[in-house]
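Shared between the two complexes below is chain A, which has chain B as its partner in the first and chain C in the second.
The block that comes next holds the complex of A and B.
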């Protein structure tokens, strides 16, 4: 069994790389809106199905659609965010609770819509990269790297760099970081929390949907896939420390490793249990994440 | 006002007690039994969600734990029902304790995530374990006496309601929980121990839920991971409480009655469209949050909360746009 270990580690790192994108966007949204979006898995699922059907209708490679899907879902997120903002800035009841409940309701509704529209079947999106793979032989061990996963990792790195640039080098990013630190003070300094929130939410929904297409090419798609990815997103964000972006890549890689190790060595259906066990231990020992820097 | 409320409550209670003597239709009795059960599940959920302000999106897990505990104890340990029933509640309480230790020290967002993930993990566990029968579920020995289960459910829910009423509305415990909900730091400054109180309220929420799950298992005689541990139980509890009104006992009860009545009618006439029910549940949560954040009870009966709203900036433009956007993903595909 040991000869499979390098393969498991490689698969895990390649898969974990993709989770980075979802988790960074998810963490960013939490930082700006201070509410957790329970619909994260559903956005991934919708993106995956959009890619699947666009591919079916046009016959073009799903990777070509990524920009289209981003723009489409950016728009969707941009128009939905004001409703969440309204819920969060309400004075009746408890706005924070209401925000959580609202996204929870959205997630249920989206799942129902998806099951109605797409049924219970599971598919995968064909791509030109899907078949290809090449072997690496470091230290006499053979490791197979599927091209599609490598492309996925390249995509993830690209998105991460773009987000990094946006956050650290632009005025928009400065506003986002200010909002994450202190919402009211940022507002007084002239940051439009409503519009910035809409942009961030749009970016997050767009990235999640794009990543859904990739996950559809690498793994599989189904109307019920959302649940799993919602848990994965939470796992990464909690492990990294809520709102601590620098920890996200490491937590995402760890998730990829856990998943691939369970796929190869144990029962894949126990992955969720392992994820939960790790989550529990981390929350028990270091509730602010692996690095102790969450909020 | 208070006396009138008590009178109405007494009349409803008396009517529910004598109902099986008048109604002999098994179907009606069955619907009533389940309706009463949902009232119990909704008010138990509201202890931690409405009163304490910590959302438990995995309430169904405790229901399922109760059901499975009783199933396993009765079928594999051959215990009598009455010995197994308290164990269902205790098991749910212990799981609440274990899950609460790391999560209740933290902000509400962690708790909401963790409970939701816990319910998914427990469902996976039930699907993969041999003791639970895996995906095939588990059959209990049948005890076919609709009247017995109706009264058992009614007494359990009635007792739960009375105990919770006393603890939350009459004893200082309820005020302490509300203090945590309104301002946790402030509550701490007043000498309260929020972590301990949250723990107590979480266990208080899980215990009756586990017992109701146990009664349900013995009543329905068949349990499987999707019927008792699926997300529908948790989702419905959330809808009932949010729609009915959080932070009260009557709100969730009202929500439970209305949503359960709707579900029964929907299931009876539109059983081919079960997925539509899921969509309606989700939409109902979202709409309640936007338009009646205090729920039906808070909006219609307890209006005083609305007076604190200083200025209400209407945003007429954002609403229709957002509502059409909610439907957009479906059209987009």
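The block that comes next holds the complex of A and C.
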């Protein structure tokens, strides 16, 4: 069975790549807006269906539409954010809990809407990348790498690097980080919290929608698909440390590797049990995530 | 204090005692439908809905169910089980105690059916599920629950047998099932049949529902099984086919069950769906003859095509056949809408006695043994997707086209 180890590690890393794409923007929006957006899975689902229909109507590869989908959903997020901001900046009751309830409601509403608009069947997005795979043969062992999953990993790392650059090397990023650290102080330093929040939420929705296209090419799409991804996004972000963006890739890769190795070497039916057991143990030891840097 | 304690005890006792369901006078049959109209199993839930709707539409187009010379229309009252057994049980309580339905057409999934069956037993309301297939339902011997689709342990062996008749005969098999009542039972039935057929089982795994199975399939690939058999639901089938293709492994035969006969699956996977085997008990081209509603399978498929732009699969057909079973039993005892408990009990006896030829084939419920109240009147079929169509390839008596074996490599399609 040890000859399967290189394949298990490869599958785990590629699966981790998928989890990075799901969680990275979710972590960003939590870090800045301090809202756990339960609708993350639904943004992914909307993006997936947009890619599906654009491919169906034009016949072009869905990856070509990623910039269009980003811009479209950036706009949607930018417009919706002020509503969430209003809920979160209330002075009565508990705005944090209100924010939770609000996004939870959004998720349910979006799911129902999608069911009506897109129907109840599962679908798949065809792409030139979905067709092939290639083999590596290190030390006489064959390791298969599906092209579409490798593209997914490259996309995940690309998005991570772009976000990193944006946050660390630009004035906009400085404002975002200031806002994440102390909203009032950032405001006093001239950071427009409303507009910056809108940009961040727009970026998050745009990235999530693009991720949907990728997932549709790798896995499948359906009106009810969002819930599953919301759970995984939440898991990765908690493991990484709430709002700690740099921890997301490592937490996602850990999750992918645990799943892959457990599926191959242990009882596959206990895979999720293993995943959550590891989450609990890590949180017991380090309540602020893997690196102790979460909020 | 003592009085309060007694009152609390009485209250608790009341919770465990079913409130008698009083009959309502009306001139139409009020039928409760519990199915999965949201949640993970929404596809199957809506397919069952189509089956029930098509039956009701056809009955009402003919003026209703004729009982002793008078026609009574049917009215379906839906309750969403949300793909959640607890929600399904709550929906059954509501339909029975508030809506006071005459009888119930049951859920899509086995998990929800297992939760609803004790509730209908408690209130003595007959239910026929037109979809659920887990053997667990019938092993529990629920008196008020029936099913038109035979249990998977009744049908699963047929496909394995068909595959063992291929040349050269497969020698090894890997079996994977998703961890829900139906899918797990499917995998177990394939395992039992494979053991009986002396196929070497190189892998048997049950995986959590909805998971990415690529790592597991990578492990399976290293064992090079001739056959891969999978028990799951529609979305999982799509993911499974794509994962196999992505790791570049084409078994000689890929066998799946629920959902591959639906046109939507073929549309979703396109050419990758070609030559996949499935187990079913009905197709739109099945050679059936009936005097009730639709004269044969082709007429039903045409009606479905007209109503839903889809010819319907065996789940949808099973649901319409469930309506026909009720209709036949009601006519047999001359039951009228607003049935009391005594009439409902008679209806159970009538359902146990009916033996009716429908567009779906023969409906005859077992009255004892491990298939208690499941339909044992049908012959299971092995099907294969060929040229975008579902073709029956086994058993020999029902063959429409020879099976294509081994499967064509993914990369050369």
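Side notes on the structure shown:
Assume the second predicted complex is superposed on the first by the 267 of 295 C-alpha atoms of A that agree within 3 Å, B and C clash if a C-alpha of one lies under 4 Å from a C-alpha of the other, contacts with A are read in each partner's own complex, and residues count from 1 in each chain.
Heads up, the rule we're going with is that a residue touches a chain if its C-beta (ideal position, glycine included) is under 8 Å from a C-beta of that chain, and two chains touch if they have at least 3 such contacts.
What you see is a predicted model; the values in this text were computed from it and never measured.
In the superposition on chain A, A:111 makes contact with both chain B and chain C. For chain A, the partner that touches more of its residues is B, with chain B and chain C as the two candidates. In the overlay built on the shared chain, the residue A:269 is in contact with chain B and with chain C.
When the shared chain is aligned, chain C comes close enough to touch A:132, but chain B does not. Residue contacts after overlaying the shared chain place A:98 against chain B, while chain C stays out of touching range.
Common to the chain B-facing and chain C-facing surfaces of chain A are residues 111-112, 115, 227, 267, 269, 272.
By the touch criterion stated above, chain A contacts chain C in their complex at residues 3-4, 7-8, 11-12, 14-15, 18, 111-112, 115, 120-124, 126, 130-133, 135, 144, 146, 148-149, 218-220, 222-225, 227-228, 259-261, 263-264, 267-269, 271-272. Listed in rising order, the residues of chain B touching chain A in the complex are 49, 53, 55, 57, 101-103, 105-110, 112-114, 116-118, 120-121, 124-125, 127-128, 181, 231, 235, 238-239, 242, 246, 275-286, 288-290, 293-294, 298, 305-306, 308-310, 315, 318-319, 321-322, 324-326, 328-330, 332-333. By the touch criterion given at the top, residues 30, 35-36, 38, 46, 49-50, 53, 72, 76, 79-80, 82-83, 86-87, 90-94, 96-98, 100-102, 104-113, 115-118, 227, 231, 234-235, 238, 242, 267, 269-270, 272-273, 275-276, 279-280, 283-284, 287, 295 of chain A touch chain B in their complex.
Chain C contributes residues 38-40, 42-43, 45-46, 179, 205-208, 210-216, 218-219, 221-222, 234-235, 238-239, 242, 245-248, 264, 267-270, 411 to its touches with chain A in the complex.
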